[in-house]
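Shared between the two complexes below is chain A, which has chain B as its partner in the first and chain C in the second.
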Partner chain A sequence: MGDDQVLEASQQVDFDNYPSGIVPIIQNIVSTVNLDCKLDLQAIAQKARNSEYNPKRFAAVMMRIKEPKTTALIFASGKMVCTGAKTKQQSKLAARKYARIIQKLGFPAKFKNFQIQNIVGSCDVNFSIRLESFQISSHGVFSTYEPELFPGLIYRMKKPKIVILVFSTGKIVIAGAKVEDEIYEAFENFFPVLTQYKRVQR
Partner chain B sequence: MGDAYCSDCKKSTEVVFDHSAGDTVCSECGLVLESHSIDETSEWRTFANESGDNDPVRVGGPTNPLLSDGGLSTVISKPNGTTSDFLSSSLGRWQNRGSNPDRSLILAFKTIATMSDRLGLVATIKDRANEIYKKVEDQKSSRGRNQDAILAACLYIACRQEDKPRTVKEICSVANGATKKEIGRAKEYIMKQLELEMGQSVEIGTIHAGDFMRRFCSNLGMTNQTVKAAQEAVQKSEEFDIRRSPISIAAAVIYIVTQLSDDKKPLKDVSLATGVAEGTIRNSYKDLYPHLSKIIPNWYAQEEDLKNLCSP
Partner chain C sequence: MVWCSNCAKNISRPDYVEGKICCSLCGRVLDEDNFSNEPTFVKNAGGQSQLSGNYVKTIQSDYSLSRERILNEAYNGIESLIYALGIDGGDSIARPALAFYRIAVERNFTRGRRKEQVEAACLYIACRENKKPYLLIDFSEHLRINVYVLGAVFLQLCKLLSLEEHPVVQKPVDPSLFIHRFTDRLFGGRKPNVSRTALHIVASMKRDWMQTGRKPSGLCGAALYISALSYGLTCSKSEIIKVVHICEATLTKRLIEFENTESGGLTIEEFNLKAEELQKEEGSNKVPYNGLNASGGTELLCEHKSSGKPPFAHGLCEICYSEFIKLSGGLDGGSEPPAFQRAERKRIMVMEASADGTENPSCPTSTSPTENKGKCLNFNEEGYIKHTSEDENLQSVESESIGAAAHHKMDDSANEKTHGVDIAHEESESLSDIDDLEVDGYLHSEEEKRYKKIIWEEMNKEYLEEQAAKEAAALAAKKAYEANFQNCPEDAQKLAAAAAAAVAKSKKERQQKRAEELKNSVPAQTAAEATRQMLTRKRLSSKINYDVLDKLFDESGISEDPKKSRTEPDAYKDDKPLQHRERDPEQDTYEEKECLTEAHDQDNYNQNDEYNYDNDYDYDDL
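And now, the complex of A and B:
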């Protein structure tokens, strides 16, 4: 029941706020928080269950929790990076859970400066795109397309400052946003450009 | 003989140039207008069949505007024979140890020259690569990076700018120790540096399969007929939605065209000539197969020949 309501609500909002008719789905949110106390990574790695610490490879403990399904990088300075959450609330909840684990291990962890650093979204426009035409057009200044190096075109939008990866299959990845609205705004800005370079099959 | 203004006659008069004394003399009043003029013609007479190694007319190499002093410095070389004279044999060493602002540049230019020789590139591309390298070097921020990758990337960008692109794999083969990834990263870095330096004028076009056709075909030794067919096929294939790198498409088209001709090249040969892996050519063949009849030109192969082609 609840699911149906959510679906209907989103479809009604669709064409007013999202004239393109497609809403990008948020896939990943990266956030940082300062636990504000020096940590002993060796001790954490030994005591906590789902953690890995390989000082030769990387100077942080990697900890994972099942709910919300996220991964955290915890540094000796007390700073922590939390990745893998799908919504802002989940990211904050996960970060709090990690802070709780550190607290339980005996460190005076606090929750300072929780900030979302990066939001990644993706969507599908359902038509093939001619990537070569971007370079020649007026959007060539913003696009980088090197088929030998990477099959997708990298479009750096200036306002909002977002990076969009465009693939010839019609799949789009939007990254670099600090708030979710930037993702939607960027996609709405970009969609007309995409329709311009639709590949017409004969 | 010439006309100049004579201050005694107060008018323009005919003037005679006396070579023996180097004087410019007015022919009407005899006043010497200029004396001791410097003769700029050649000092030695040279004959066509007498060149040999010591042609005294020219000394040193061509001036290079990219180097700080135009390349006009003098180098003390090792003396002929073996003089165990301490002074003469160490003079060369001492000069080399002194500070030479251009040393790294000269070394880099030499490396670029070696690489472009191996690829058989014209001097235009080599000079452009040198220019690009100089521009990048001017900003000291490139010191920490892999120098080989930067030089290889300069050459790659120069080829692209002259509309004669070379695949990164080809550049890889002559660059010592730089991987495809490193060259790619260096190329992005250089593009950014060039944009910072020169405003927004760094334009390099996207690569197309057609740019490489001639070269790959001649590597394989294909006949003119097949080369033409392959080029047409590649042109037509751009309209279709084939999601592969242009090089892979080029390789697959070459493979198909040679299979249709009398001189069938095995997959291994095509793979070697283009630098594309055999598996990739097979996959690209699968992608091209549905559109074959529209891609291969009619004058080259008919429907029945296409049916003879093995289906993927």
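And now, the complex of A and C:
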């Protein structure tokens, strides 16, 4: 469970860039690209091995590839959403593989406007947190906590515009970033708040 | 008070005779209103039949008839919910709930949502405000819908009503509120001992961090169960489950967790004693130790910011702090939350596994805080106790294995970076760098394609049939349309076709344009701008006098709507809708639409006159 990415040689850098001592791990990157041609989803579903298409449930073909391990939603208008990659480069590579598959199936697919829409990261702070205290404090403006509905607290940071899910066990999920740095920045901003409400050993 | 020009004075009590208001001194007819439900028609000078009189809005309220009906039905719905759930308070709860509902209707929140769900959400907010011990799950059980669906409606409603930062919604629900209600339901009457002990148990659970992140009903159920059994009252798990709305697995889990805490080991008398001691301690306002104060600073951060009270702890004033302690059990822990304990156990297991496979440790200590491992958690398994003594060994072992893993990660990311750079240099449109062999692997062979086609068509038969039917219907409609006009000359046909196409196209375009406008529109800076935006959006701009509109926001005078009939004598009725427009320029003002559509009199005003209802009425001769 190496959630602390402690690099032996560069430990000092770690603390300069990441004063909290914890670096969130990127778990998922969602990106979109425009293939710029109309597609026949039935034909794609019938010709490609790794695809499923259930028009009554959802109007897109779901295609998966093994390397990088990703899933793509391909729409009839030619737009495509690629999810599941762990780095930006992997996401782009995967999207290009999907575009290549579509090309081979006989459609004049291009690769326009590749854009990363969402990056999700997670980490573990190793101490328990009293979620109720967020609402009473000055951070109550940003937090939503309804234990009847969801066990975690939803914190919406304004700058950078990020959503953080905080659980009482100390696990944190950071989502909504468009670049990886936003995730790290958000976590560094948030860590002091967390330490304020952590469980105190007697 | 009506002015009689004949007597030249105000008459305090005029006579009301047959729809006419008469002066009580001289008998002069001052005003005449003939209301009737049936329209009557008169012949005008040209010989045409014309409606005599004008339409008048209902005098009772600003709302249209349909709106009244909606609100009445909502009120009945809310009352039936109150009755069904046994919420006491009657009107004092129903009225605020109805007020929320009215706002929801005005903001079009009820469109697309089931009305009972919106009613339930409004009632739930009212209950939370009055601290009535009712959970969302009670409402959802009564309405037989998924609690998360109702929860989503509730959260959206809070957002709509801007209640997100309001303490009503912000302060989390306190499980202690529910104990009394559940005790009543279980035992059919008040049992103060059971309730009191249950409350103590819940407080102890809070201190032991069992409560953060959990549904309050589960804790209450467990506390009640223990409390009831300890007083000798027979109460089975299934009874609790029915009352509290949790499942048996959850109840068992909570009981086991409580058993694992320190308080779980005490007998009931010891427990009660300890609880009372703690209560006395809390009452004496002890200040938490300084480690916590340091982080809070000296600023008051709670809702009593402006009251000037000194901060007590954590940036909260004394009142808020004691509430906080009562609600959540404070930050000093009894034991770790159970989920955290599980996670710790997993961590230790992982470390054990990696410790078996590494060499001697000689690395800097890792940065992961491991003081928690030092603390003796309440494990049931004995195997882990030995770790408390071998702490340092573990720490360095862990860092070694993490270091090894990090090395691998570095190599991987270096590879990816070069790969990424290569890709960036490539022409991004040509995808020729992708390995063709791999891609071919993802495509079917000819035979496979045939099989898959058959399978897919079989599986999606219904969908294909629907599509075929749709197309056939469209074709038939087109044929029928054409058949109608077959006899017409070609030009007319072409015109008709072109017109139809244009209509379809413009509709779609309009929709798209509207969506774009909404997205791009800058929020208005002033009220005048906002009104203007709304007017252009609703395409009422030809009917509004813009000069007066500007004046509207300079003074607080009343502006005119040229479409409104002068002869609507009810001053109250006219003022209200206008004031609505003044106050809420950005809302969808259905009232305005109604004014415009109901006024049939197309008189042209002298638009610079102010409204004076007293003297100078020029009636249209009826």
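We take it that the second predicted complex is superposed on the first by the 188 of 202 C-alpha atoms of A that agree within 3 Å, B and C clash if a C-alpha of one lies under 4 Å from a C-alpha of the other, contacts with A are read in each partner's own complex, and residues count from 1 in each chain.
One rule holds for everything that comes next: a contact is a pair of C-beta atoms (placed from the backbone, for glycine too) under 8 Å apart; a residue touches a chain by one contact, two chains touch by 3 or more.
The model shown is predicted, which means the values in this text are computed figures rather than measured ones.
K.L.:
Please determine, from the superposition on chain A, whether chain B and chain C clash or fit.
P.N.:
clash
K.L.:
Return first, second, both or neither, reflecting whether A:V141 touches chain B, chain C, both chains, or no partner chain.
P.N.:
So A:V141 meets both chain B and chain C here.
K.L.:
Quick one: classify A:I183 as touching chain B (first), chain C (second), both or neither.
P.N.:
Touch partners of A:I183: none, neither chain B nor chain C.
K.L.:
Now for A:N54: first (chain B), second (chain C), both, or neither, which partner does it touch?
P.N.:
A:N54 contacts chain C only, not chain B.
K.L.:
Given the touch rule stated above, what does A:Q89 touch, chain B (first), chain C (second), both, or neither?
P.N.:
second
K.L.:
With both complexes superposed on chain A, which partner does A:A99 reach: first (chain B), second (chain C), both or neither?
P.N.:
Touch partner of A:A99: chain C, not chain B.
K.L.:
Check whether A:L194 is in contact with chain B, with chain C, with both or with neither, and answer first, second, both or neither.
P.N.:
neither
K.L.:
In this superposition, which partner touches a larger number of chain A residues, chain B or chain C?
P.N.:
The partner with more contacted residues on chain A is C.
K.L.:
First (chain B), second (chain C), both or neither: which does A:M157 touch?
P.N.:
neither
K.L.:
Now for A:A175: first (chain B), second (chain C), both, or neither, which partner does it touch?
P.N.:
Touch status of A:A175: no partner.
K.L.:
Both chain B and chain C contact which residues of chain A?
P.N.:
Shared contact residues on chain A: 128, 131-132, 135-136, 140-141, 144-149, 151, 168-169, 199, 201-202.
K.L.:
Report the residues of chain B in contact with chain A in the complex, numbered from low to high.
P.N.:
Chain B residues touching chain A: 167-168, 180, 184, 187-188, 200, 203, 205-208, 239-241, 243, 245-247.
K.L.:
Can you list the chain A residues touching chain B in their complex?
P.N.:
128, 131-132, 135-136, 140-141, 144-149, 151, 168-169, 199, 201-202
K.L.:
Touching residues of chain A toward chain C in the complex: what are they?
P.N.:
Chain A reaches chain C through residues 1-2, 4-8, 11, 14, 21-22, 42, 45-50, 53-56, 65, 67, 87-90, 92-93, 96-97, 99-101, 103-105, 110-112, 114, 124, 126-133, 135-138, 140-141, 144-149, 151-152, 167-171, 192, 195-202.
K.L.:
Can you check the complex and tell me which residues of chain C touch chain A?
P.N.:
Within the complex, chain C contacts chain A at residues 135-137, 147-148, 151, 155, 164-165, 170-173, 209, 212-217, 291-292, 295-296, 301-302, 314-316, 320, 323-324, 327-333, 336-337, 339-340, 343, 346-347, 350, 363-364, 366-372, 375, 399, 401-403, 405-407, 409-410, 413, 416-417, 419-420, 423, 428-429, 431, 433-434, 436, 438-444, 448-449, 452-453, 456, 460, 462-463.
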